[in-house]
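Chain lettering (A, B, C, D, E, F, G and H) follows the sequence in which the chains are written, and residue indices restart at 1 in each chain.
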Amino acid sequence: MGSDSDLPVMKAAADVLKDLGISFELTVVSAHRTPMRMVQYATKARERGLKVIIAGAGGAAHLPGMVASLTPLPVIGVPIKSSNSIDGWDSVLSILQMPNGIPVATVALNAAKNAGILAASIIGSFDEQIGNQVAVFKQKLEEEVLVKIENLKKQGWDNKFD
Amino acid sequence: MGSDSDLPVMKAAADVLKDLGISFELTVVSAHRTPMRMVQYATKARERGLKVIIAGAGGAAHLPGMVASLTPLPVIGVPIKSSNSIDGWDSVLSILQMPNGIPVATVALNAAKNAGILAASIIGSFDEQIGNQVAVFKQKLEEEVLVKIENLKKQGWDNKFD
Amino acid sequence: MGSDSDLPVMKAAADVLKDLGISFELTVVSAHRTPMRMVQYATKARERGLKVIIAGAGGAAHLPGMVASLTPLPVIGVPIKSSNSIDGWDSVLSILQMPNGIPVATVALNAAKNAGILAASIIGSFDEQIGNQVAVFKQKLEEEVLVKIENLKKQGWDNKFD
Amino acid sequence: MGSDSDLPVMKAAADVLKDLGISFELTVVSAHRTPMRMVQYATKARERGLKVIIAGAGGAAHLPGMVASLTPLPVIGVPIKSSNSIDGWDSVLSILQMPNGIPVATVALNAAKNAGILAASIIGSFDEQIGNQVAVFKQKLEEEVLVKIENLKKQGWDNKFD
Amino acid sequence: MGSDSDLPVMKAAADVLKDLGISFELTVVSAHRTPMRMVQYATKARERGLKVIIAGAGGAAHLPGMVASLTPLPVIGVPIKSSNSIDGWDSVLSILQMPNGIPVATVALNAAKNAGILAASIIGSFDEQIGNQVAVFKQKLEEEVLVKIENLKKQGWDNKFD
Amino acid sequence: MGSDSDLPVMKAAADVLKDLGISFELTVVSAHRTPMRMVQYATKARERGLKVIIAGAGGAAHLPGMVASLTPLPVIGVPIKSSNSIDGWDSVLSILQMPNGIPVATVALNAAKNAGILAASIIGSFDEQIGNQVAVFKQKLEEEVLVKIENLKKQGWDNKFD
Amino acid sequence: MGSDSDLPVMKAAADVLKDLGISFELTVVSAHRTPMRMVQYATKARERGLKVIIAGAGGAAHLPGMVASLTPLPVIGVPIKSSNSIDGWDSVLSILQMPNGIPVATVALNAAKNAGILAASIIGSFDEQIGNQVAVFKQKLEEEVLVKIENLKKQGWDNKFD
Amino acid sequence: MGSDSDLPVMKAAADVLKDLGISFELTVVSAHRTPMRMVQYATKARERGLKVIIAGAGGAAHLPGMVASLTPLPVIGVPIKSSNSIDGWDSVLSILQMPNGIPVATVALNAAKNAGILAASIIGSFDEQIGNQVAVFKQKLEEEVLVKIENLKKQGWDNKFD
């Protein structure tokens, strides 16, 4: 992530990876404040055995795209709504609108949790066990909704479908 | 892709996959016109051995997100600028702003080529040969720029850096 | 509605239907978390005797459009401003900008009350009694304004028109 | 519609109604140029036996909302992208963002065809034959896609799903 | 104004007119809730001796434009940011983007004070005394700034220009 | 106007004033290229007998607001969509969003014709003959529509209202 | 700056200049409230020995561009998000989108600190000592990040890169 | 500049520098395609004697901000509207909205000419001769307008001010 102030948002990615039993590392790499560290981090990522990089940043968010230019690994970008952001448009567009040749897999504004799930589904595509866990995770989403439907009924909101 | 009218855009994804020697299939699956086909396609994708799904759609673009809700595989979304699009914002936001739990790896507007490269880098993360090819692909981008720099010099635009 | 967190917004639709004596059911159907339930709900809606479906959802809001693709009934979409929404644009455009063939009758951001009134006016077009009630409802809006005008006068804001 | 210059767009609504065998009338009613005509047209619409009103307008598009304020009938609004429109945002927001009490069923920018289909689905909710026709119409959309899938295969774009 | 909930914003227009000694009336005329009252108010405005009409409204704000279509008087529109407004864009565009033939003199979002000053400057163009008062008003703005400059200096923010 | 390149747009204001028999002058006053001329023009406008100033400008359009800060006369601003404009938003917001104290009567994007009509309606508020001409002008708009309605009927588009 | 209400934002520019030992002056110059003062201030700036002008303003922010039109000095513009701003877009576009010939060096919304740093880097380009200080300033940014990385590790967020 | 496809836009910067007798170099440095070249170019810029860097880029435009993070020199950013740009918003926001500490002096969309003038005014602040040339350049803008005013008069557009 680009700054330690992004931790409250980015922690959700770490949490979901932990839940799914996927090992990860979390640190600060700032495109603008530590550009050489970013170059080192990105160029060594593949040889260090990383499989996916999640990069979150706000405002004129250059970290995800710059990392993507320096590694063949898939890079997931999390647009973060910073304090002087123009409604989040700046980070969304800075990460999403990459030129031909250097894609960044962009998720929704502040959606670090989804970045973690996407990383898991990427790994799960080649690791059957993790793939199954992602499938289970999505099933649980369904089960949680079914519980909520029952709760609604108990509150008196009836429907004749169920 | 959501419609055969998206082929001129989406072909770029097929082209880059072909160049990188990655096998793929291309067909039309419309969230709104063939919803049951979409359900079938997405739910069977993993067992059929697909590793990554690229889904392109325009306007209120529901295909990528709906497919992502029906499979544990990673889904790459390509926002396509349709004929009555409001500057592309509709397809970008319909694909990008997925709720927690169901991410879509969104690329830039009309950036099907980048969707292909992203798919390759996802596969390349676990298949060393393809990973190397993605690395070579990015290196070629650099080499193409170096040729252009030489051309600029020949046109009389000098610089003292090189 | 797509989530039970939408209830505070969507309740306004239920309230107005109750006031107008129109029977209805309210439940959670999530496009992304319970896609198969959504398919079932939508495809059976007409044969179950529903006349109009109101679907509210936020972010990349696919529920209204997907339901509309699965039923010949009129579907009213309520864009809900979710917590990480980009000012509501995402849900508005995801619901409004449907492709040719599959319309969604979209109302204003968070305007569940208007969705209820629209449903009533649709039913009222074919049920004279309910049609009259909608007419009375709109008349009451006028009468409420007339009371407010009197109140303004009492507060000393005069006008020579009345 | 608000102006005869809207005819090229609005004709699509007339065409779809004609195809579905639904009788309709088409004329110009301008909120700004013929306000009294608009008042007359809207207030008499129900007693004249109209069931649904489709109103298309561009720029600061007041026609759909004003008509809705003058009739208990459901009003479908078609935002039209006029010549000096700011990307269509003006007509979309002028029609969509109606205050509580007076909904307009808004469809996508320039989507007059969808307005016609929505009107048909509203009528079809109470007229079984037209309801069936709407169902058939949506089925045909699916069939058209299936033909296109075959065409794609013939062009050499194969898939192992079908 | 379109609703009594607009009074906290619109009061600023009344205040400035009172300060400048210009007689005025203030009432609620709702385009959507009291359309016939609006027609009456607007069509009789000139014969009743009004010189300028200030109309404030929020959301899909039709009042200023509809009044302008019913009177030859100049109409000043105040876009009000309503509770479910999409950042004020809806009221701004609904008032500003009037079609050829029916202008509305639009001021900034929530800028009722400026609407009052604009009305005064319109009247002042033909009434020398009021014109002088507007000139004095603008001079006072300058004098207030000069006081603030002195205050800044006293706070230790020096400059060598003054 | 701010540049002679604005003439094709701004000519429409001159045309409508000519049609209504209102004398006017037209020249270039650039806020950025001739700032001192602008100061001179604006500060002398009232004593020279001008009643209303129409100022059109594009991009970061400062002319209307700066003129308004230098004269007690009403200033009408015409946002012009310049060649590198960001969809016209820049000129619209630069003219519309004036701070408290210095209003600009803003019309729609490129709507110089409406600026002319607004100027006429301002003058017509105090000059009965011109006021009548504005009323007639708006009546003609209605008559033009009625002719178009007849034409539509002749083309076979029938309605039972007329 | 355009108003003393901008001081809480603009103070950050003063602070950074003070830190870097660059002498400066701070005062209020309002384009709209004190237009003649603005003309005087800008036209005399170069002969008074100023090297760079920082101008902050909100809403329809004309100060930076008008100052730039009156001096050959470089002008840095700070868009300030005023109380009735439309999300800051008005001040950003009013300052950024200057016509050819009159540039304003625009920084991010409310980014007065960056305006101060930009001014320092401009001066530092020709004053070696200040240039060195800017270099040191940017190095410190890096060092601050390195401390934060250590803190993250202490909090248990490990990484194998460092 | 980030790509040779930017040359048609960026040439305007070179032209104005040539006109003002300021020596410059022009080359391609791509943040995404040649990241290491960018690092080299930026870190060596000051020691090579450059005074100002102009960086133009489109889409997710990272070049200006990344260069600014690697040099204490002032960096001018030119947002370029690329082929799949979302109306230019992506490049504008990617360049403008830099985080605290790393400013980029952003000019208008495609405004390479203004980037050249801004560079000249920066240099001219410390080089009297070039400062005078910038002053003359701005005076010429005024003279060009005066010629156009005369032309307008010859075309019959009279005014009583001149």
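Methods note: a contact is a pair of C-beta atoms (placed from the backbone, for glycine too) under 8 Å apart; a residue touches a chain by one contact, two chains touch by 3 or more.
Everything quoted here is computed from the prediction, not taken from an experiment.
If you take chain B and chain D together, the chains in touch with both are C.
Note that among the pairs D-E, A-H or C-E, C-E reproduces the B-D interface, with over half of its contact pairs the same by residue number. Taken over every residue number at the interface, the positions common to chain D and chain F amount to under half, indicating a different-residue contact. Here the C-alpha atoms of chain A line up with those of chain H after a rotation of 180°, rounded in steps of 5.
For the pair chain A and chain D, the distance between C-alpha centroids works out to 39 Å. Separating the centre of chain B from that of chain F, both taken as means of CA atoms, is a distance of 47 Å. Averaged C-alpha coordinates put the centre of chain A at 33 Å from the centre of chain G. Averaged Cα coordinates give chain E a centre that lies 18 Å from the centre of chain F.
Annotation for chain E: residues 3, 32-33, 59-60, 69, 84, 86-87, 89, 92, 96-99, 101-102, 104, 108-109, 111, 141 touch two or more other chains.
Chains touching one another, given as pairs, are A-B, A-C, A-G, A-H, B-C, B-D, B-H, C-D, C-E, D-E, D-F, E-F, E-G, F-G, F-H, G-H. The residues of chain G lying in touch with chain A in their complex are 81, 87-89, 92, 108-111, 141-142, 144-146, 148-149, 151-153, 157-162. Contact residues on chain G toward chain H in their complex (touch as defined above): 46, 51-52, 69, 72-74, 76, 92, 96-109, 111, 113-115, 117-118, 121-122, 124-126, 131-132, 134-135, 137-138, 141.
The touching residues of chain F, counted against chain H in their complex, run 3-4, 7, 14, 25-28, 30, 32-34, 37, 40-41, 44, 48, 59-60, 84, 86-87. Within the complex formed with chain A, the chain H residues making contact are 2-3, 31-33, 35-36, 39, 58-60, 62, 65-66, 68-70, 82, 84-86, 89-90, 93-99, 101-102, 104.
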